[in-house]
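In order of appearance the chains are A, B, C and D, and numbering begins at 1 in each one.
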């Protein structure tokens, strides 16, 4: 399979009035099809970085922001398939009795994904469809059409019920709504935070940002779906995976430092 | 036009531990096409009843429930057209600039009807339709199909956003959602609490109850719509009209008397 | 009683892409103690203004904003007592059985004031206090201390439950929370939108704005309370009174004109 | 230290119309101070049980309920200290910079615990208190006094914001509110589902049930707090620990079997 190489990275600049604990989830994760190399972290005054794994095994980086201005940058090269996300129209839904133990977690209600409140909506729409990949694809299409992509239309406290009612959101909200519908149907679904190649995204006129999408368990594995679009994408690289955005915030700070700058890069490497 | 005569009425029995103020909105209102006669109120120990009109000119009846058990009954004969609610497929929506002053009230947000939160949903669905009676009828059909009629599915604090998300409710919730969509489109809409002839309602196996529906301003008058059904009805008699159910509760008690019994009647009079 | 004269007024400038219906509630209302004179309206191109009264008898002014920029100004002189809001520590709460018919409206749930959801909070805090003016004053003090006055902390969709939980708001939110607690105790309470003399308000460094406060029914009349402060004020002039802010918006526009400018004045007249 | 022996257990009886996946979290967990023996599972027709650990390492038991009636029972003997939960008034709060990596999870927002919405309430009340065990104990006391213990007052969708506003709940809601306040102050807090000896609980007249309480990280370990009471308890045995009740449901069923019976036991063993 032919591959492409992406130059990934991000830079954050914070101004703090007091020493402030911060956790970053920005490092690219390798997978069966994605390899990562040349990872590089740079930080003001060579402040010590502590790398660890969270309960979902996502890489995290801790740092104490000192008083004053601190800049943290991450960069890496990712080799990714020059191909769309894999799919299999015959991938089956598994009965809950047949789901692996560690997948059951992703059928439950969580901070932003409320299948307990939107179950009726899910069953009305998707309950009579033939189970399997096609049904999940139909959920993807439905969410894509239901929501308008509207920057600034949503807040970090919006649940999938809020999003369903308002009819608008950003990629995070699209993912939360799709996850909610899948879980309501007893289909395991989880939230992915990551990079997607800028080349594979329609230009928006806004600065490039991180992306969020959805993984759904069908057959014996997780499959990528991205309700932000209704067509397959290339160029994905995972940063973190969890039940919803509460699990994989790109930055968590304990205090209120001022974020002066954030930039994100995900472009073709020019080697 | 041929007419029918309906025997309307209701009975409430309360048990109170302290003297309790109560306001009833159960009396039938006459209109251009409906006449009311033989109104009769009976109440335990001939307790004094005080009749007054609320800010919307709806008839209300006050009573102080004494300690112990009190029974209040209302009955009347209503002569109604033997015909479906009138309609006019050419009735136009009026631009807000052309609405009468006293109708503007019914374009605003209210306790249970939140056009400020569901405006996006309304405009996506109905924004490109040809304005007028047909568009309002389409809203009626939409609400009728969107919601499942489910007794016990809802509480007295549910707003139209809650109902939109849950996908179920009773006649009150159907009315609130339809009102919300109309107001979001700047079409005045209000809530009607009243009687509907039992003969004109499909049997449900449950005791007959009061009904709630919607009136919408088109052209130069209010028109009845009833999202509980997707087809016209006969046999309506208005009790109260307001912005939503908060304005026209059938009973308001100031304290917590125990309602031991409530029955409602609306059947063909056997004269 | 000595009096003061206030120069009241406001100016709005809108830019419209289409003819847009607009309703303004900005005119000062006279009362037993306040007289209004020299009212003056000026509007771009002498556009026709239509004055009417809403269902609560508040003065309203309609206007169709044409395409382009329109400026509307209102000004008046108000003679007000040079004295604090009147109060009477012996004013009694009335049992619901003894309330006037037209006051009952102000005991019910409404768009922003939800006594049905905060009743437990109200009774826990105020239920054992001696009924009367002092209890209502205690509610005023409680709300004043519970909430932080924080510009920009709230949105136009926030209910009293949202405000109670967030612990912050602007004068509108303070009023809504106080109204909610009063109604939960069966004490009629309503929302007032108006002018308050700039001299009688601590400087905030922000442009002067309209104000909102609360009226509560005790004995045989309405009394002013202002939970925004915990001490009496002078210099109030009423614009509109209703159940909550949904009833007395300073401007309602049907469409989305761009408000380029809003200024409000309420200062000592220099005669 | 003297010990006591508790006879723990529970029985569930379900009626299913279709084969239904079910996961039980009812098994007692040993700890440094609690030992478990004589665990016994009995199930209709010796249906196969599958034991596994969830992402938090809690023991879970899977079972497929066949069509018809299935009864599952669990019992065990637990040896527990005859002593109150340990406490240390000098246990310090740790700065976020000094928290262990795996504890950070318990500072975040979760399904039922919303520090992002109640942060202002937490800081107003507890922000100026001396940090440490005493401050957390003050939070415990506050929650205990804020909420009325009211069976049936709450639903499984109620968040800590709902509970804060309504002022009532059951042990689950008490725990969620305390966790929320701690996290808002950057103090890690988690939810515990378990058994508590019936002898150590005031009689309520209702059947004995499972219990829920709170653990808070102070110094270098988790400490038990139980906002349901404002005084220490004996006789606790942990079943599951998570971020909130969404993580440690006693039973999760995939479908809608009818629970005909549930009993819980936690009493002194008579050896």
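Just so it is clear, a residue touches a chain if its C-beta (ideal position, glycine included) is under 8 Å from a C-beta of that chain, and two chains touch if they have at least 3 such contacts.
What you are looking at is a predicted structure, and each value in this text was computed from that prediction instead of being measured.
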Task: Partner chains that chain A and chain B have in common - done: none
Task: Same or different residue numbers at the chain A/chain D copy interface, by half rule - done: same
Open item on the list: Distance between chain A and chain D based on Cα centroids, please, to the nearest Å.
Closed with: 31
Task: Gap in Å, rounded to a whole number, between the CA centres of chain C and chain A - done: 45
- [ ] Could you put a whole-Å number on the gap between the CA centroids of chain C and chain D?
- [x] 47
Open item on the list: Two-or-more-chain contact residues of chain B, please, as numbers and ranges.
Closed with: 117
- [ ] Name the graph shape formed by the protein chains and their touching pairs; answer line, ring, star, complete or other.
- [x] ring
Task: Pairs of chains satisfying the touch condition - done: A-B, A-D, B-C, C-D
- [ ] Would you mind writing out the residues of chain B in touch with chain A in their complex?
- [x] 117-118, 120-121, 124, 148, 161, 164-168
TODO: Name, in rising order, each residue of chain D that touches chain A in their complex.
DONE: 19-21, 23, 50, 52-56, 60, 62, 64, 95-97, 99, 101-102, 104-105, 107-111, 114, 116-117, 156-157, 186, 246-247, 249, 252, 254-255
